[in-house]
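Think of it as A, B, C, D and E in the order they're written, each chain with its own count starting at 1.
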C-alpha cells in the first residue's frame, strides 16, 4: 500500500467514504462473486486497520450476475455520493449492462474479473480492468488444446452469455479447422438437460470438449457428458474455475482443464495467508485481483483523490506492485501485464497445471 | 278451456297478501314477483311494419351428431306476426332446431331462410343482428351483471359504437347510450322488472330470471323471438301470467316461436303448432287439430289428458 | 438434419427418457386440474422437495460408497424417500394453500395467486435452509445437507453408466433403462388404478359437478387429498429420475421443469391422464429432435411452438379433455 | 372481513358524495401529492435501501402494465400468462430502433413500439383467441416464452442474451431544479444540495422518469375508463360471463376479445418502451415468465376489473420488496407468504370491482355470501 | 318416522330461505312439498341431503341425528336425491352417470348393480339407446330422466325428488308419477317437490305447503287437493 502520510496531509478529507463491490453474491454463479468480494473486503479491512481514524466501508451490490438486474443496481450506486469506486462488475454480461451507466455518471470502476475483450472498446473513461482479457485467455486455451492435449477434433459449446459466447468464439477462431462441431446452450438456470449436446459431441468424434460458460451449468454438462459416454477431455475457463464445479460434478470433473488469467495462490504467499486467516479458506479465483483493485481505490482515497475526475486521473497514473502483478493501466483501462494459467482437476481439487505462454 | 287469464284485480289481491301470515281461510297466494306492465309500448317500427308472409323457413334440415340423427329432414315455416308452437317428446330435436336457426349448429344438410334470405354460414351474432333472438332452456344470463346491464347488452346488438367513439365520446356514443337506456327501462317495465333493474341477475328469483332473459332477447329488436321452455318450473298461476305476456309481446308486433311442454299454455297461446318426434315432423296444424291428432297423442300427449 | 437421421435412435431414446420425467410431473398437474380446475403452480416445488429428500436420505446413509447390489438398494430407497416426501409436501400444500380458499369458495384465479405464493415459499424455504441451522450453530455439522443453500446439491450415488443392449445404432444404458422402466411401470399402475377404481370416477365426478358428486356419496375432500398425494408421489418419482439424469438438484430446479411439465399436460389434454403421459413423451422427443436440427438453444422454441400449433388445431390437446363440455 | 375494501370503498363513497368543485380540488391535490412523492420522501413510505425515485418509477411502470393486463383479464376474462411478451416486444422495438440498428429518437420509437405490439397482439390473438379458458393461459404462456427465446436466439437483430445498451432517453427540458425534502424524524427540511432538475432524464435521477410514467398512467386510466363505460366495456363483460350467450345476444365476441387483447398489448408495449429507456440496457432475461406471473398476480390481487385496485396492487407489489430490501434473502419467502395470506383473507382482491355504481345496491344486499356458500361446499 | 325435520332454519347469508320448518316423512310414505317459486322447497331438499348447512334445528333419519353428517355420507345411510337442475355429470356417458349413482352402495361390486341398471334402462328406454352418449349432449328432458335414473341406482331408503317433471313431455310426466308410485310400492320412501301440484297431491300420502320459507299448511294429499284455497293458489283452476 501507499503511505498514509500523503493522505492525511491533504487535510479536511471526508472520512466516511465507500468503495463498492458489484457482482453476484447470490444466484447461480454466486461463488465467483463471493471470492472476489472477499478479496476486496480484505483490502478494505487492512486499510482500516491502518487508518482507524478515517475508515472506508465496502458496500455490496448483489447483481446475482444477472445483466437484467445490473442496470437498476448501477443506477442506485451512482446516486450514492460517498461512493468513490467500484470493484467490479464481476461478470462480462452485467458489465456491459452497467458500465455505460457508471461512465455517464462518472463513477470509476476496476473490474477484477470481467474478461470480455469488447468491454474496453466502448470508450468508457471510467472503465478499468486489472486482469488479462479473453483475447489472451481464448488463444491460450486453444493453444493448450492443440499443443498439450494434441486434439485433432474439438467440440465447442457455450452458454450464449457475453462472456461464454465471446470466449467460445475466440477459441473457435483459434482452433480453426480443429472445430468438429458446436452447440449453443441456454444460460445458467435455464437448462438442465444437455443430452442433445452430449449426443452431438459424441457424434462429432471430438476428443476435447470446450465450454464457454460458468460452473453451474458446466457441472451438469460434464456429468452428463461422462454418463452419456463422451470420453474426451473437458476444457473450460475462469468461469468454471470454482469449487462449485467439483461439488456439482463430483467424479465427473476429474481431469478437466480450466484456464484462468489469474495466478495460483502460492505465488502470493502473504496475501494467501491473510486471506486464509480472515475467511478460513484458501483464496479462490480472482480474490487476489480484487484485492489489488481495491487497493488502487484505497490508495486514491488515502491520497485525497475522491472526486470522480481526480480518482480517474489517479488511476491513470497509478503504478505500483500488487500481489498479482505490477498494477498499471493503459489508455483503454487494460492492464499492462497479463498471464494465463492452466489448472487441472485432480483428486477433487483444482490444482495449477502450468502457465500457458 | 277458455281464455281466462287472471284479471288485474286478482293481481292486486295477490299483492296484498304478500308476506302476511296466512290463516285458514285466507287465500293462499304466494306472489313474490313483480307484476309485468303489458301496457308499455315496446314495439319497434322496423319490426312492426314487416310484410306479412313467411318470415322464417326451415327447409329440409337434417343434423347428425355421430350416430344420432337429431333432425331428419325437417321443414316448416313461421308466418310474420304469429305465435308458432314447437312441441314434441323429449329429445325430439326442438332445442336442436333452435340451435340451427340461431347459428349454434350448422345443419348437415338443408338450410334455414330468414326473410327470404338463406342464413348460410352466418355466425351467431350476425344472425341475432338479422333479427332472431332467443332464450335458453337452462337460463344463461350474465349472472354478475345487473338486470339493466343484461338488457343493455341485448340493446347493443343494434348499436355500433366502437372503441374510437367510446374513447372520444363522440355524439354517437351518447346517442346510443341514451337510446339503449330508454329501451332497456321500457322492456324491464314491460316485464315487471323495473324495480329490480339494479340487482345482479344471479340474485333474482327464478321466475324473474326467466323473464329477464325474455327482456334481454327483446332488446336486440328481434323480428322473431324464440322461447325455449319459458314456463319450466312455473306453477299454474305463473304460467297463466306468462301466457298473457307472450300474447302481448305478439300484439306489439313480434313474431314468436315457442317450445313448451305445458299443454295448457301451448294450446292457449299458439296460433299454429308443429310437432317433432325423433327428429322428424309428425304433425302441423291448429292447436285444436293437434290436440286430437292420434299420432301426437300416441307420441307425446299420452292418454291421461290432465297431465299438465 | 443429417445429425438427427444418423443418430435417430439416440435422440429418440434420450428424448423419451426426459419425456418420462415431464410426463410424471405432468400427471400431478393434470390430476389437480381435473378435480379443482386449478393450475397448481407450486407442483414444481413439490418435485424439487422430493429431489432434495432423495439427496439427503442417500447422503445420510452414505450411499456414495455403495457399489454393486448396494446401489440398487439405494436406488429403491431414493425413490421411496422422494415419493413419500413429495406426497407429504403436496398434501401439506393442499392443506395450507388451497383448502382454506375452497372453504371460502373463492374465485378460481385467486387460487392461482395462492399457488404462486406457495411456490415462492417452498422454493425460497429450500434456498434459505441454512438460516435456521445457523441460529442453532448447526450449519457446520450439517454442512453436507445445508451447505450453500442456493447451490446445486449432487446425488451422492455413483452409478457407472453401463451400455446394456442396442436399439438399432444406440446402446441403451442402465440409466435410460431405469428411468424409462420405472416411469412406465408407474404410469401403468396409476392408469389402471384410476381407471379401475372408483376413485377415478370420483375424481371426474367432483370435477364436473361437486354438489352432485356429494349426492352420490363422493367425499370431495378425500378425493382431492388423494389426487394431491398421487400427484406428489409421481413428482417424487420424477425427481429421482431427474437426479439420475442430471445429477444435481437446486432450490429452483422445479420452475423450468414445472413449466415444461405443465405444457406437456396441456399438450395431451389437461385433465386427461393418458394425455399427460403422451404429452410428456411428445414434448421430450420434440425437444430432442429440435435441438438436433436447430441447435440446443432452439429446443424450447420448438417445444412451445409445437404446443401452440397443436392447440390451434386441437384446442383441447392431443387426446382432448376427458371432461366434456355442456352444450349451448 | 373487508376492512380494506370498505376502507377504499368508504373513501370512494365520500368522494362521490362531494360537490363537483370539491371533487376537482381534491383530485388535483391528490395528484399533486402523488407527483411530488419522491421530492417529499415521506417517512415510512420512502425506501431506504433503494433509490425512492427509481422505486416509484417502477411502481408507475407496473401500474401501467397492470392497467393493460386488467383489460385483458379483468374486463375480457382472458387469462393471459404471456403478457411479458408484449412488454418485451415494446422494449426491444425501442432498443432495436433507438440503439442497435437505427438511431431513431425515443419520441418516435415509442409510438412505433406501440404499433408493433398492437399488431403483434392482433397477430397472436387472431389464431389463439379461439382457444378457451385455461388453454388460452398456456398458449399465451408459450407465446411469452417464444418471444423471449427468439430474442435470445435472433442474435444479429437483438444482440441475443447479451442485450442492447445505450437506449435513447427522452429529450431533456432542463428548466429549473426542485430541492428535495429530508426528514429528521417527522420534521421536514429542505435540502438544497439535493435537487431534481426539471426535466432532465439522466442516469443519476429517476424522478423525471417517474413523472413521465405517472403522466402516462393517468392518461391511460382516463382512456380505460371511457372505454369500459361504454358499449365496448359491456361487451367485454358479457363475453367474460358467458361467451355463447353473449354471441347469441349479438356480441361479436371474437372481435371484442381481439380488441381487448390488442389494446392490452399496446399498453404493454408502451410500458416496455418506458422500461427500456429508463433501464438503458435490456436483455431477454428481463422478460421471463416469472414477470408474466407477477403481472397476473397484480391484477388478481388488485381485484380483477377494478382499475384503481390493480393500480394500487401493482404499486404495492412493486414497492414492498424494495421497502423490505433489508430482509435481504428472506424477502421473497415473505412475499410468497404475503400472496398466500392475501389469497386467503381477501379472496376477491384488495378492491373487488364494483360492477357499476348501480350494481352497488345489489351488492350490498348480498349477504356475506362467501362464508355460507363455502360451508355448503362439500 | 324415517325422516324427522324439526324447527329447521336455513340462510343464504342474511336471507332467511326457510324458517322453523318442521315435517316428517314416515317409512313407506310419499310426502310432497308444494309452494311457489322461491318458497324454499329446493333449500329444504338440499338441507336434507346435506348440501346446505343448518342454522338452527335438526334433521333425524331413522332416529339418528344427521344434522351434522356431511353430504357425502348421507347416501351411505340411504338418502339419494335427484337435484333441481338435474346435475348430471356432463362429461360422463349415460352409463357412467348411472354407475355414479351406485357409488356409495355397499353392494356395488355385486351383480345386483347390473340388474338395477337394466331396470332403469327398462324404465327409460331412451337412456338404454344412448348408453354411451356423453350426458352433456343429451336434451334437457333426457338429462332429467338420467338424473332420476341415477338416484334410483342408489337404491335408497329415502328418495328425494326435486321437480322431477320439469322439462318432461306430458306423456313422460305421467310415466314419472307412475314410477314414483311403483317404487314406493316396492318399499322406497319418497319426498317429492313439485310444481305440478295436482299430480303430486294425487300421488302423495301426505303433503306440506311451503310459503316464503314457512310451512303454512299440511294434510293428506286428498285433503289438500280438495281445499279451495289450495286449489285457487296452486292448482291454477283453468287457464
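Heads up, the rule we're going with is that contacts are C-beta pairs under 8 Å (C-beta built on N, C-alpha and C of every residue); 3 or more make two chains touch, one makes a residue touch a chain.
Computed from a prediction, not measured in an experiment: that's the story for all the values here.
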item	value
Number of hops, subunit C to subunit E, where each hop joins two touching chains	1
Chain located farthest away, centre of subunit E as origin (C-alpha)	A
Cα-centroid distance, subunit A relative to subunit D, in whole angstrom	38
For subunit A paired with subunit B, centre-to-centre distance based on mean C-alpha positions, whole Å	77
Inter-centroid spacing, subunit E versus subunit D (mean Cα positions, whole Å)	51
Multi-chain contact sites of subunit E, meaning residues that touch two or more partners	50-51, 70-72, 137
Multi-partner residues of subunit A (at least 2 other chains)	26, 160, 186
Shared interface positions of subunit C, touching two or more other chains	211, 213-214, 219-220, 297, 300, 328
Of all residues in subunit B, those that touch subunit D in their complex	102, 104, 123-126, 128-129, 133-134, 136, 140-146, 148-149, 152-154, 156-159, 161-163, 166-167, 169, 173, 176-177, 180, 197-200, 203, 216-217, 220
Parts of subunit E lying in touch with subunit C, wherever the complex brings them together	49-51, 70-76, 80-81, 83, 87-92, 96, 99-101, 103-104, 108, 134-137, 150, 154
Contacting residues of subunit B [partner subunit E, same complex]	1-2, 4-5, 19, 21-22, 25-33, 65, 68, 87-92, 94-96, 137-138, 205-207, 229, 232-240, 243, 261, 263-265, 268, 299-302, 304, 306-308
Subunit D residues within the subunit A interface of the complex	50-51, 54, 152, 160-163, 165-166, 202-206, 279-283, 285-286, 329
Footprint of subunit B on subunit E - complex, ascending	35-39, 85, 126, 130, 133, 137-142, 144-145, 163, 166-175, 195-199, 209, 211-212, 216-217, 229-230, 232-239
